[in-house]
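Below is one structure, written out as structure tokens; the observations come after it.
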């Protein structure tokens, strides 16, 4: 145990940022992905090209963008283009290595719901909807998911499939191929408790457990019997430099990671 | 008879320019249309917006453009856009009042050939092809044709239909409507001998005879029995100002109108 | 030579926006015409279909004010903050108990993805009967919205999806500058304003400033929308507040955060509408009420683009 | 930080253009990379499929030099002057008498309209299996080219036409400037270079000058092609001569007129190729032979775009 030197949210964002090492082009989603990608750019992936669905390629934000359409993502960027061009040529054209998504609900196969809780026509909670998520999930070469986990969010069955993951499991790769998708779907899920990857049959499996988190917490916050890797490892704790960047540069007000 | 105060080519271009009075947005084709439209802009239609398929809206060429992609059409224009945008939004989107076309062959219904003389697979003469002409003929609200007339160019049957006019005649309007075309097709043909408009059954009819030209010349240079309007009128001769503009400003070298 | 299209916001909205219209106030996070949205509320338009990728605060306000019966959209939220509560109350079950006379009218929804909406405007602008795209495979979106339909390629056996054209009755965009004739230039995020404008029957451009036509013609590649498709030019500096204008002002994030609290409470929200929309006669009064000090904090530093040479060819 | 992609024209062509490739040298009348075309001739590539809306003089020269077996195009001519005679000799009956051993190999043709070609590149760039458009109704083009096919709308009973994607093996474009990493900016006519570049497997950008990345980043809306899709940046001032570069030089119309006479005579044409391509080792020698006096006459006056402000947001 590391005491309270960092919060679970900080650990989640740090773990997510580290996953971007070696990746070249990342499509940045709103919220937590935004912070994780901006941290990666300052640490493990300085040459990472940030793509924002608002129509920006090669962003160099001078501050943490307030939203995915912040003016700071435009000033100093390589290119600011129409959304048609961004979605048609960059994303659908197959130039995005990693699409980074958040979610309200996810199932064991990495299918994602950001549309409604409850029935579509009379929902208990109306969520934002797809935005660009459905096309990111289909067209990005791989998809990273970042979200806090709870029994309400990691569910046996999602209420609405906004963004396809590994569909029903084993047959997903064949379906993607047959339908001509460019992406191979979700490859990693990063939560406030750990990091999951996907087995060959398309189901997620816990690979890393964050310092301070327990397997009991993990199981209690997942709505199915979760797979755990043999010899699950501990996530290395955030380094002082990672924490400094988060706290002093990216989220000085503690708005996102409090 | 006016003597040799002006050439048939000059008369043709002047007559074409005058047809643009009252028109707002004109899609300018290569060659003679280019001169006619630039003359109109300096005379009967100063507010005419010139659209070049190269991607220019609202051109203000400071000299006669050498081609439809001359740099002088860009400098000082309202907008320089991609060809996708020009063809998709301006032309196919229905914003062009007049499309101005030349042709190698035309039939009595205003169908145009700019592709081949002889069979397509083994042509006697290989012409330029469609360029933007086929889509101009379909999408511009109306089409003006400008071409020198001869028995080789005004033919009973064209060798290849590059750009549709009034098709087989009477049924053309119905076909255009049924297929959802925005344009109503050719409305005027201007030659070195006269000016033709179209009857309700889609066939062209001589309306104006240029000074110096005779009905015999007209008949001898058309490959079908041409319709002549009752009381065909004489085209007013070019004014001194029109001739001055052509000779001193638009074609000072006499390259096009010699 | 060109006729001026400059009009007051009052007159532009009075003349060009009609009850029952499909209205698109476009601009992706940037250049959102709050000024036009407020004027539509003030003039009491009804039964509008509001189209926009990201409804944002301006549509939350318009829905709360009762001008809309339907939303056409792809992402419903307060960007970087949370939900749009007035809109959610017109959708969610707890506020929508059928037969409950206290319930608000349910808002009709027509939902796509971002690329789906962009493709719809593109089809509208290009007069195409549909636009093909590789979204929606294996999702529930075509079930929720049967206007998202499969289409077979005429080459090989591939199947992709199609969306239908979107042709708003009125598109309203905010821009940095335009000529009096409506030739409009934008820099920064371009969103889908061009497509939404070309697709529309009528177009209102609201600008930070009107410039001489020569300024526009000096840089023709910067022109986003030609005056040819513009019906009115409204001069309304700060008209996009609390959203932002690249190079002119920043997003007023404090307001985006405040709105979350205001909009959670229907009564408080209606009070805000009274105070900031109905009781004011236009944008000038809004800005005065907001105060110059607040606006001053939103000014960015300078980051000039530099100039290029188009060459004079005579 | 970014790796430099700057290469000599010799190396770029040697490495990236292969026998049998589909090559698109794009640029609509403006920014045509004659320098790259000549280097392809010099290196003796064979069996190329040459794609381009308007084949222009550069393709006439390449066809005459024997590098091509097929053209994909929409308008075949010497713009403002007349025909392309070398290409015509590979098409027209008089030069193509079957069984005549003196006859030149017939050039294979795949023909569209301008919008059809633009739509093909767009489909290629967007990874779409087809692109729909309202061209070709009641014409002979779909007969001449069976790849132009009707497609039914999934909404109502409308039928439009489709064209298939065009994905060149190599796209070559000329531009005013790029960073060493290949981020490319263009002003003036934009043609379909963006679409052709995104559609291609490999991209060569030839520029008047390489600029510091900061120059590009100061005006991100001016970027036409990102370095992400660029494989080589070749610095070749005047590399588009005798075509033009907006703001840098005018079209050398005398050469366009001269070419008409040169190209009508096969022997004279081959002499020209020897003198101006094969016997020179690159563009520098070509420019030296052309002479500074001739180039100096092509310089335009100045017409600056003016600068806009993107704002610094920290």
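Each chain gets a letter, A, B, C and D, in the order it is written, and its residues are counted from 1.
Just so it is clear, contacts are C-beta pairs under 8 Å (C-beta built on N, C-alpha and C of every residue); 3 or more make two chains touch, one makes a residue touch a chain.
Everything numeric here is computed off the predicted structure, so don't read it as measured data.
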item: Required steps from chain A to chain C (each step between touching chains, minimum); value: 1
item: Distance between the centres, which are taken as Cα means, of chain D and chain C, whole angstrom; value: 38
item: Centroid distance [mean C-alpha coordinates] between chain B and chain A, Å; value: 58
item: Contacts with two or more other chains, residues of chain B listed in rising order; value: 56, 70-71, 74-76, 80-81, 88, 92, 139, 180
item: Contacts with 2+ other chains: residues of chain C; value: 122, 127-129, 133-134, 158, 187-188, 190, 194-195, 218, 221, 246-247, 250, 300, 303, 310-314
item: Each pair of chains that touches, named by its two labels; value: A-C, A-D, B-C, B-D, C-D
item: In the complex, chain D residues that touch chain A; value: 1-2, 122, 125-129, 183, 194-195, 198, 216-218, 220-221, 223, 226-229, 310-314
item: Chain A residues within the chain D interface of the complex; value: 25, 46-47, 49, 56-58, 60, 62-63, 70-72, 74-81, 85, 88-89, 92-95, 139, 180, 182
item: Of chain B, residues touching chain D in the complex; value: 30-31, 53-56, 66-71, 74-76, 80-84, 87-88, 91-92, 115, 118, 120, 122-135, 138-139, 160-164, 167, 175, 179-181
item: Sites on chain D touched by chain C in the complex; value: 127-134, 147, 149-151, 153-156, 158, 160, 162, 164, 176, 185, 187-188, 190, 215, 218-219, 221-222, 246-248, 250, 300-314
item: Chain A-touching residues of chain C, taken from the complex the two chains share; value: 28-30, 53-54, 73-77, 79-80, 83, 87-88, 91-94, 96, 111-115, 118-119, 122, 133-141, 143-144, 158-159, 187-192, 194-195, 244, 246-247, 250-251, 253, 256, 300, 303
